[in-house]
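In what comes next, chain A is part of two complexes: it sits with chain B in the first one and with chain C in the second one.
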Partner chain A sequence: MDARPITSRTSPVSPQTGRLSVGQGRRRHTANAGYVLVLPYIAHFLTFVAFPLVFSFVLIFHRWDILSPMQWIGLGNVHRLLHDRLFFRALANTGVFLLIHIPLQIVIALALAVFLNQKLRLRGFFRAIFFLPVVVSGVVTTMLWDSLYAQDTGVLNNVLSSLGLGRVPWLTSPTMAMPSIAIMATWKNVGLYIVLFLVGLQSVPQHLYEAADIEGASPWRKFRHITLPMINPTVVMVVILSTIGGFSLFIEPYIMTGGGPIRSTLSAVLYIYHQAFQFNHMGYAATLGFFFALIVFMVVLLQKRVVEQETGL
Partner chain B sequence: MNVRHSHFKLMLAAAVVCSQLLLLTTCAKKTASSASHLVYWSANNQYEVDLARELVARWNSLHPESPVTHQPVPESQSTEEAILAAVVGKTTPDVFSNMWPGDVEAYARAGQLVALDTFPDFAEVIGARVDPALLDEARSSDGHVYQIPWKTNPVMVIFNRKMLAEAGYDHFPRTYSEYLQAAERIVRDTNGDGHIDRWMGITDIRALWWQRFFDFYPLYIAATGGHTLLEDGKIAFDNQQAVEVFTFLQTLFARGYFPKERMVGRTDVFLQGVVASRFTGPWEIRHAEKFKPEGFVYDFAPVPRPDGVSGPVYTYGDIKNIVIFRNTRRPRLAWEFAKFLVSREADLLLLEMTDQLPLRANHLEDPLYAPYFAKSPFMKRFADQARFVRGTDTSPVLKEIFDILSNEFEACVVYGVKTPAKAIHDAARQARLVLE
Partner chain C sequence: MKTSRLRFLRTATKGSLYALLLCWSLVCLYPFVWMLSATVRPEVEIGRLNPIPGKLTLESYRLVFSKIPIARAFANSLFVSFSATAGVLIFTSMIGYALSRLRFRGRDGLFAVVLFTMTLPFQITLIPTYVLMVKFGWNDTYYALIVPYMINAFAIVVFRQYFKSVPQDLLDAARIDGCSDFGILFRIMWPLSVPALITVAILTFMNIWNEVLWPIIVIRKWELMTMPQLVALFAVGGKAEGLLGVRLAAAALLALPIIIAYAFFQRYFIASMATTGLKS
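Right after this comes the complex of A and B.
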């Protein structure tokens, strides 16, 4: 049994000389260098994450238009939020977007990933093509789709018209506008999820397929009983990522519709933006922001639990 | 010496040097911009940047002891956003010449602007330049004046003369019924595919508050003979004229005389003869002259009014003003420079270099400007209209009121889900709540 006091094992100071031992001294210098190297990140975190977070929490209890001094109003902003029908409309709109966007995104991304996972000629080219919209600026792609969707002059309606079909009011009908935005957002983001699914697909052990081949399983049965269960973790990740991404819907309605027609594409983030930067209601916008973040957190948590229960992960 | 120790020292020294350099650079910038020079911000479109450079060069040659530095307002979603950011960051210029009057009240209440009427020669300078009614409009609720009315871009209608002539009109329709009648003749399906492809006019259908400056608001000012949305700080648009404007606009969309889209992603629909008219300002002249196809003939006219309204046709003036920010260290000098910006000679440059109208009551009678108007007949038309313009009310919640109107506009005018009377009444009710 070791009879030495614990301090002699942990202290960097030599009990004989009272100075740092050579090994301990080096470790301390290395640690100091590490602290210096992480300083920029810590400074960035404190300035752009921690301070705004704390400051916006303080704002919840104040009325502040940026120009005038802050005015304490207690839970006034929360009271206003609870009675703000337009905010709940914006939340519902965001929900509609998610309900269309997430399933559409997963089905298309998975189908294309399975397709691109085959031994195809020009596979790299196709992968690049599908990934291209992800790296193009959101503003640019939105403006492009804005012109494609134009009711009287857009390419989509011209094609439909030449086929003898009617023109679709893509962005000018309160019932069509949000689905149209969801289609566009799916096109924009699907490349990213294709890549994630490809990673998942390539990690499926080949011997499982070989065993299924010996048993004479059809491609659909192999997909249903091997591929899908094996890529379940990827599916969970994609669902969660696209949910968080979908909740932040902003650029598309901001540019294409301004939140219309008749507020049918007013997303929660767009509404918060209007309150903060159009009307300078900073306290109220902060309250909306926290409330919205809480909702996103709860939805993602719930989603994760449900998917984990369903898949046994 | 320990190698790792020396690396650590090197990194630490580098970090300290970098942070000191950053600090020194920041301090140096601050000193240069706020102490030795007066800083002037102009709008950032090329015409106004050129104008500002010219004016500053002239000022600096006349006053080498008090130099002015010019900067275009920083690039942003809107000028208002850039100014707000500057106010928050305490980096405002001394003088700014592109201030939307709708924002002045909020800045004045926050103590960010210098009250210009505290300068002894204010009344003399402004009195010689601006119509008294316009000066009253510029006065804030505390009785002080924080802005010099500088320039205006009256909203009128640009129209395709050939299309109107084909419909049997040698002048642009002056009333709603004439306009609707002309629209009935002009709007058609030219290629026979069962779909309208030629319209009487176009306006942005999105519920963006500032878009109403180019449809509802000028029409409302015209219909009321020059009234704005508020009167004595209270809602004044809950009236029959506003309902008539909404009814007129709703009819245009309901009958397909205006398209329910923005025609994005294609060339100028007015210059291509796809739409016969558009609400616009004098900036359209340079654009039309540059891009019009051969043989294209256009003209400008006042906005239409309800039948039976007489007197001069008023419109929205799209006014921009000059302000001095409170953080200036040399307010007297800033005032002198602001006066220089609104001098007769500076106003001539404004006309010549930007095709924008100075808010000068007598500019059509002033011989200094006569040669310019003689060679710019369209600008003469805008100058005539500039006598009958209105700006916006002084209210810190004006944007919210326009936002409310814009949403009702969308619901009623574009999509027809509300009657005009209900839409106006609802807008007024909501606006009263915001005002309270």
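Right after this comes the complex of A and C.
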């Protein structure tokens, strides 16, 4: 492996840079090793990132069902997308999901994290239980809630009707279905965000609270004026992570509703999936994917910008 | 007088805190307990709130095993998740080491590329990657389930970060002893980076174990399906014949391995997921 032996034993390494400073040969050897080590990554990147990126751009301009040759249609797919009411419906549905899911998640996760951050016994126990829905597959939680939500036999409605309240059409009414899915997603993910908030809370310097105690500040004031500003970066992160997660909504509507009732839970990814694998519209599905990714990217960027401006970070 | 009131107030706050936390624990746990009990009770009892079954029966599980190749799917999932995780550990630690400890032309550019791929939404590459699988003839093979997952940018960032904190003296000593870069990586960096290895392993394994969208796209043969895919299709398709207990039994079988792993390595699971907040 070594072309040249190390020539000096006294100080082959510069302590500042960590670079071997012996001779040209030694340095070249290190550089070569670097290239060898990154080779698998480069191969993987070219195949599974660079090629798909370029190819999806090519696909935008083609009609293609995979079997027959590709057919150049210029901006036909883009034109179709701009007039595709179902795609915009799917976007709006995803928007509804995010608008319910994100605030609900932040409020519950932050509250529980603040509670858990107190000096309590059983802290680890609670944290472990809250985290359980996070680790379990989305397929499981979806099937589980599908049964809980069932109109006639579901536990939720059985409880409501035994309390003398009416049965709720959780998944069967177009206005309720997406909120029901958002509630379920919140239940599943809250544990993760509790843990992230706990990390954030632990980084708040204790002396700030001590100073506030001396001035006799109430717990709410301490939360509002110390905790909240200090964990702001965590809030931004939670918003961004759950936006990205929410935009990839697929398995829940796929299993529970198939996108219905009346397309009310058709998510963007589900719609792209239908276009590609039910109708074999590869070119159009790639166009949808491209634009949708662009939207996700812009929304996340915008969120970051807005929050950073609000807080002057 | 005043101190006793204060003490009362404090116990009251503590008490209500515990009550609230207990409430949410119940919200988290009850559905799982109910699910397990639904799988071992007769179909007519399932809608009941009380999770204690009146009559025990394993009929639902028997039906699952007779209707779908779930044991095979379990083996597939294990094989796929283990292979991809092994790949991720080896390949991403290699590039993490190169990016943190070696100097070569284009290194910083390469790291920028890694960070760029982290921000890339998967929707953009989904269709072309599927086309690629078709062109490779990888549809309905294990390759489609393993190879695309063998490297991920997040693992690279974790390793790079962790490797940076290993003292340079150790590396120099090894190099003087004639250790190659592969030797340094696997015999010095790896043993010193067990927490990073565990983090990456758990995250990767869990993500691949729970992945559904991609398997649904590239696998059509029943005997090659992963567990979540098989169970999802079982739930959507007509094979369960509307029997709730049977569907939930399939779901329970899918949940069980991860829940058992979680019970043992709970601390590591939580710690590794907490590093998802690591990215800026």
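What we mean here is this: the second predicted complex is superposed on the first by the 291 of 313 C-alpha atoms of A that agree within 3 Å, B and C clash if a C-alpha of one lies under 4 Å from a C-alpha of the other, contacts with A are read in each partner's own complex, and residues count from 1 in each chain.
What we mean here is this: contacts are C-beta pairs under 8 Å (C-beta built on N, C-alpha and C of every residue); 3 or more make two chains touch, one makes a residue touch a chain.
Here the structure is a predicted model, which is why all the values come from computation and not from measurement.
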Practice item. Kindly classify A:L37 by the partners it touches after superposition: chain B alone (first), chain C alone (second), both, or neither? Key: both
Check your understanding: When the two structures are overlaid on chain A, which partner does A:T243 contact: first (chain B), second (chain C), both, or neither?
Key -> neither
Check your understanding: Should A:Q303 be classified as contacting the first partner (chain B), the second (chain C), both, or neither?
Key -> neither
Exercise for review: Give the label of whichever partner, chain B or chain C, reaches more residues of chain A.
Suggested key: C
Review point. What is the contact status of A:N232 with respect to chain B (first) and chain C (second): first, second, both, or neither?
Key: neither
Exercise for review: Identify the partner contact of A:I262: answer first if only chain B is touched, second if only chain C is, both if each is, neither if none is.
Suggested key: first
Practice item. Scan A:N117 for contacts with chain B and chain C and give back first, second, both or neither. Key: neither
Exercise for review: May I ask you to decide whether A:D65 touches chain B, chain C, both, or neither, giving the answer as first, second, both or neither?
Suggested key: first
Exercise for review: Once the two structures are superposed, pull the chain A residues common to the chain B and chain C interfaces.
Suggested key: 30, 32-33, 36-37, 66, 143-144, 146-148, 150, 152-154, 258, 277
Review point. Can you list the residues on chain A that touch chain C in the complex?
Key: 1-2, 6, 9, 12-13, 15, 17-20, 27, 30-38, 40-42, 44-45, 47-49, 51-53, 55-56, 59, 66, 108, 112, 115-116, 118, 120, 126-148, 150, 152-155, 158-159, 162, 187, 191-192, 195-196, 199-200, 234, 237, 241, 244, 247-248, 250-251, 254-255, 258, 268-269, 272-273, 276-277, 282, 285-286, 289-290, 292-293, 296-297
**Study point:** Partner chain A, residues of chain C touching it in the complex
**Key:** 14, 17-18, 20-21, 24-25, 27-29, 31-32, 34-35, 38, 46-49, 91-92, 94-95, 97-99, 101-105, 107, 110, 113-114, 117, 119-132, 134, 148, 150-151, 156, 168, 171-172, 175-176, 178, 180-181, 185, 206, 209-210, 212-213, 217, 228, 231-232, 235-236, 244, 247-248, 250-252, 254-255, 258-259, 262, 266, 269-270, 273-274, 276-277
**Study point:** Sites on chain A touched by chain B in the complex
**Key:** 25-26, 29-30, 32-33, 36-37, 39, 65-68, 143-144, 146-148, 150-154, 161, 167, 169, 171-172, 174, 257-263, 274, 277-280
Study note, to complete from the structure: Residue set of chain B touching chain A in the complex reads 2, 4-5, 7-8, 11-12, 15, 81, 84, 87-88, 106-107, 109-110, 112, 193, 195-197, 205-209, 259-266, 396-397, 399-400, 403, 407, 410-411, 414-415, 417
